[in-house]
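See below for the structure under consideration.
We just call them A, B, C and D in the order they show up, numbering each chain from 1.
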Amino acid sequence: MTEDLTTVDLTTDLGGVTLPNPLMTASGCAANGKELHRFFDIAELGAFVTKSVKAEPQSGRGTPRMAETPSGMLNSIGLQGPGIEAFVTTDLPWLQSVGARVIVSIAGESSEEFARVAERLVAAPAFGAVAAIEVNISCPNVARRGLVYACDPESSATVLRLVREVVPRGIPLLAKVTPDVTDIVGIAEAALAGGADGLTMINTLLGIAIDIDRQRPHLFGTTGGLSGPAVRPVAVRAIWQTHAAMRAGRIPSAPIVGVGGVRSGRDALELTLAGASAIQVGTATFNDPLAPVRVLGELAGLVADRGARYADLVGAAHPI
Amino acid sequence: MTEDLTTVDLTTDLGGVTLPNPLMTASGCAANGKELHRFFDIAELGAFVTKSVKAEPQSGRGTPRMAETPSGMLNSIGLQGPGIEAFVTTDLPWLQSVGARVIVSIAGESSEEFARVAERLVAAPAFGAVAAIEVNISCPNVARRGLVYACDPESSATVLRLVREVVPRGIPLLAKVTPDVTDIVGIAEAALAGGADGLTMINTLLGIAIDIDRQRPHLFGTTGGLSGPAVRPVAVRAIWQTHAAMRAGRIPSAPIVGVGGVRSGRDALELTLAGASAIQVGTATFNDPLAPVRVLGELAGLVADRGARYADLVGAAHPI
Amino acid sequence: MTATPVRDRVTRVDAAVRASEPAGDYRRLTLVAPEIAVLATPGQFVALAIDGADSALLLRRSFSIHRVSADAGTVEIVVADAGPGTRWITRLRAGGEVSVVGPLGRGFTSPSAPRPCILVGGGYGSAPLFWLAESLRVQGCSTHLILGAATERRLFGARSGADSVDEMVVMTDDGSAGATGLVTQPLPELLTRTHAELVYACGPMGMLRAATEIAEAHGAQAQVAVEEAMACGVGVCMTCVLPITGDDGITRMSRSCLDGPVFTGTAVRWDVIADGRVAVPADCLGAPAVTP
Amino acid sequence: MTATPVRDRVTRVDAAVRASEPAGDYRRLTLVAPEIAVLATPGQFVALAIDGADSALLLRRSFSIHRVSADAGTVEIVVADAGPGTRWITRLRAGGEVSVVGPLGRGFTSPSAPRPCILVGGGYGSAPLFWLAESLRVQGCSTHLILGAATERRLFGARSGADSVDEMVVMTDDGSAGATGLVTQPLPELLTRTHAELVYACGPMGMLRAATEIAEAHGAQAQVAVEEAMACGVGVCMTCVLPITGDDGITRMSRSCLDGPVFTGTAVRWDVIADGRVAVPADCLGAPAVTP
C-alpha cells in the first residue's frame, strides 16, 4: 500500500444513496450484526446486510445444514429467523444504535408476503437506519410449486412491483438474483422493469453432496446453496454479462452489488472491474470473522495503488 | 481395500453396451489418447472419450486459454481439433490399435454439421472401436446467434434426432448437457425424446476471470468453462435431479454418465450414488495424468468394501 | 494477520504452535494465544483455520479447550485425526502457525455452592473435563470422573488425569483398559453414592443423551457439551443449531456455537435426534406447517 | 502415490526434496527423481503439483530442468516466487516431498557437427543453459553465454556459470552487475565475431523475439524455449498453444508442452503475440472466418 488509505476515495453510489465505501456483509453470512460486532465495528462497513427476514418466525430446516466442498460449502438453512416483527423491535434498533448503515434483506413465500414484510419495515421507528432494501427473490414461490422467483422473469417483476409500491422512493430496492438460470440478464431486466433500483448478484448455486458412508444426501434438506471462492468465476460472469448489457443499452443502467466467493481485496477488485459498484463478503466470513473489514482494507490499498477513485474502477475491464 | 480388486464386479450398462468398468476420460481433458497412453494403458478404462470433433479442422481461440480458479479452472479452447476426416484416418485407428473402447464426442455449429460428422464417423473403417457417441450439445448454435444448443429443449432434440438417423441402433447416443440452464431435467427430457440413449452431465459452467493488473478479462475469449472439484456439487445436483425424475417416472429411464469435479474414488462413488452409471474424470487429469486409472482403483476398493456390485450402487442414495 | 483487539471477550489470533505431543490416538497441541488464554472458561472452544488462503478447506474446525495457562499465555487442545482438516492440524509441529478464533461459546456452569460433581467424558470428550474439575475443586466441590472410550488408545487423560479429580473410573468398550463397558455404566451407582446433583458430560450424542436420562432419573441435572457441525463457530451462519427448549417451554433451533456448546441436558430435544440428523420438532417456534 | 512405470519416456514420481538453496531472488531445488534424471535432455521441463488433495491450486507448475545427475538420481530446478504456486514451492525444504511429472516437452537440438554456439538467458531463463552448454561442449562446440536480468539479484548463474562455458557476458538493465543493457545487446557483435550459426535462447517472449530477429539477420538459427501458461503440461488440454509455422508453410496452433517448449525462432508467429496475448493468425489452419 503506497499511501494513507484514509485519503482514498471509496465512495459509491447505490441508486441514489451514497455509501462511504463499497464493502458489505452478505445476507445470511453475518446474522444481524451483534456477533460480528464483537470482532470489528460494523459501522465501518459501507453497509451491513441482514439475514433475509420473512413475515413470521422461521425454524429453518433440520441438520446437517452444511457440507464443506472444495473451496466452498453447501448450506441449507431454510431462512431461519425471528420474523419481521421481532426484527424491527430488536435487531434494527440495535443496528441503528451502533451507527450501522443497514440493508435489510426481505423474503417471502408469496409476492404479497414480500410486500407485507416491506410495509412493516417501513413503519418501523428505526427505519431511518435503513439505507436500502435487498429483495431476496432467489427463494421458492409456494404458489408456483416451489419454483424460485428469480427463475422466472414475470414472478421477479411482480415481487419488485408490489414491494416498490410500499417503499418510499428514496430507499433503493436491490433485487437479489440466482445464477441458476439460462438467461440472467433477462431476469435482471425484469426485476429492473418491476421497480428494482439495482441488482445483487449472485445468490448461491444449487448443489448436492452425498454422504458416501451413509449412502444418502449429506444435508437434511437434500439440496443446498453452493457458495465460497469456488463460485467466484460464476459471480464475475453474471456481473460482467449484466453490466455489459447495461453498457450496450440493452437493459437500463443500474448499480450491481457483487457477491460470490470474495475472500480478498483482489477478489473484490475483480468483481468491481467486471461491473460491481459494491461488494459483499459472505462465506469468507466463516473462515475469518474479520473478512469484511480486512477485504475493505485490502481493496483500499489496491485502489490507492492504482491512483484511482473506487468509482472509476467499476466496470473498467469492459472494452467498450 | 479388503479384497482382491480384480474380483469386484464393476460392469456397467450404457444403453445396451456393457462396459467392463465405469471409468472414462472426459472429452477435451485427454486429447485423443496417445498422450495419456504414455502414463497408463488406456484400454484399462471402461471407455476413452475423445475431444469433441467438428466437420472441419479448428484452430480454436487465442491465448490465454485458461485461468486457474479456487479448486478449479476456466478454459476457453474453442474446440481446437483436426476435423472428422483427420480424426477417422489417424486418431480412431490408433485408438483401435491399442484396444481402447472409444466414445467419440462430436460437435457442430449447426444440427446438420452434427449429423455430417456422425455420418462420416459411422463410415470409418475403424468404427468398430466405437462403443458410443457423445453428442456435445453444450456448444453454440450459430443459427441462433450462438445460443448453446443445450440451453433450449427444441434445438437439443433436433440435434439428437438428426444424429440418430445416421447412427446404427446398437451404438448408444449420449447427449452432453450444460448445467447453465433453469431446468436441466427439461433439457434431458428433450434430448431423450430426440433420440438420445443416455445423458452425460455436466459440461462446464460459464465463468469469467478478470486480470486485475491489466484490467481486462484474463482469457482471450473473455468467457470460459468452469471445471474441477469446485463444480462437483453442481454435477451431483444435476445427476440427482435427473435420476430422481427417472425414478419417479416423470421422464424415461436412461443411463447417466456423471462428470464434474471427480478427483478421487470417493468423488466417483458420490456421483454414482446420485444416479450416474459411469464416471468421467476431466480436470483432475491435469493435476495427475494417472487420475482416470487411479480413480478406477480407488472406486474398485470402495465398491469392494461395501460388498456390492457397482451396478447396485447406481442411484442408491435416493430414498425412493 | 495479527491479533485483533478484544472487543467482546473473543478474538482472532495467529498462534504459534509451542508443542504437539502424541496422546494415544490423539495429539495434544499447545498454542500460544495469550489473548484467548486470559478469557477462556472450561467448556468453551476454539476454531482453527486449516492452512492459508490456498487451502481448499475453507471452514474452521472446532476444538474444546483442554486447558489454558494464563501465565504461559497458552491454550491446549486435543485433536483426533478424523478427516482432512484434523489431519492437517495433527501434522502441525512446534514452530508452525495456525489461525485461532476464541474463546467461543458458553462453557460449563459451576454449582452455586460446593457440591459433589460427576464428570463423564467419552473419547477426546474428556479433554475439557480435567480443567473443569480443577476449577470445581477450587470452588470446594468434590469431583468424580468417569473416563470412557472404545479402546485404550482412544482414552484421553487416563494416566495423568487422576491428579485433577478426587476419584477416577476408567471404562473401555473392549476392556483394553479399566473395566469393560460403556462410560455411562458406572453413573447410576456413582450418583447414588456421591449424592451428586450435577453431571457434566462431553462426548458423542448417544452418551450425552444417556447421561441426561440417568442424571434425571437420579434427580440430578446434566450439563452436556454438544458437537454439531459448525461452518462459522461465531454465530453468523445458523448451521450448528439444535432444538432446545427454553425456560418458557418453547423449543427453538438454537445455535450451539453461541448458546452452547454446553446445554442443560433436559433442554435438548433428544426425540428428534438420530443417526447424525436432527429434525425440526413440530412444536418448534416457526416450524413449517408440514415437515418437508 | 509411488513412481509409475515408464511407458514412454515420461513418468510421475513423488520426489523427496534433497536441498533448497537461495540463489539471488530464486531458490534452487534438488529433487530426488531418478526415473526422470535418466531420461531428461536439456530444454525439457518438469511439472510440479502444489501440495496435496486439499490444495485449492489444482494445476501443476512447470519449470525448466536446470540440470540432472543421473548418478545421484536428482533433478534440479530454479524457481522464482511469482505467485501462490511458486511461493509454496520456494518454501519447500529438504525432507519435504512434491509430486513431479517429467521429463516433458522437446528440448534443444544440438548442431549436427561441432560449431560455435551462443546461449542467451534472461532471468531464471538461464537455468537450463549451463547444462546445455556442457552437453554442447562434449560434442565439441564452443559456447558463448550471455546472461541478463533486470538487476543482479535476478541473474541466475553469474558466479558459478562461467565454468560451464567458454565465454560469459553478463548484462543487467540497471548495471548492478556486468554491463548495463539488455541481454540481447551483445548478440550482434558475438554472432559476427564467433561466426556462430546457432543461438539458444530462454527467457521472456520479447527477448526470444529479439534473439530470433538478430540471429536471422546474421544468418544464424535461433532455438527459443517459450513459456506459455499450461494447465496439464502433458499434451491433453490444449491451453498452451502457440501459432507455429511448419516446414510445409502452414501455421498451426501447436502445443508448447508437447511440440515445444523449444521451437525454431522463425517458426513462431511473433506478429500475433503481444502483451501476454496470442491471437490466431487469419492464415492459421482452421482459423475462424471472422476472428471473434
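Here is the rule we go by: a contact is a pair of C-beta atoms (placed from the backbone, for glycine too) under 8 Å apart; a residue touches a chain by one contact, two chains touch by 3 or more.
Fair warning: this is a prediction, and the values are worked out from it, not measured in the lab.
Among the other chains, C has the CA centre that is most remote from the centre of subunit B. When the interfaces B-C and A-C are ranked by C-beta pairs in contact, the top one is A-C.
Centre to centre, using the average C-alpha position, subunit B and subunit C are separated by 46 Å. Subunit C and subunit D have Cα centroids separated by 55 Å.
Per-chain Cα centroids separate subunit A from subunit B by 34 Å.
Among the residues of subunit B, those touching two or more other chains are numbered 70-72, 228-229.
Listed for subunit D are residues 53, 56-57, each touching two or more other chains. If you draw each protein chain as a dot and join the dots that touch, every dot ends up joined to every other dot. Only residues 56 of subunit D touch subunit A when the two sit together in their complex. Against subunit D, the residues of subunit A that register as touching in their complex are 70-71, 229. By the touch criterion stated above, subunit D contacts subunit C in their complex at residues 50-51, 53-57, 84, 88.
The residues of subunit B lying in touch with subunit D in their complex are 28-31, 35-41, 51, 56-66, 68, 70-73, 75, 77, 80-81, 83, 214, 220-221, 228-229, 263-264, 283-290, 294.
Of all the residues in subunit A, the ones that touch subunit B in their complex are 67, 69-72, 74, 151, 180-182, 205-212, 215-217, 222-224, 226, 228-234, 236-237, 240, 261, 266, 269-270, 273-274, 302, 313, 316-317, 319.
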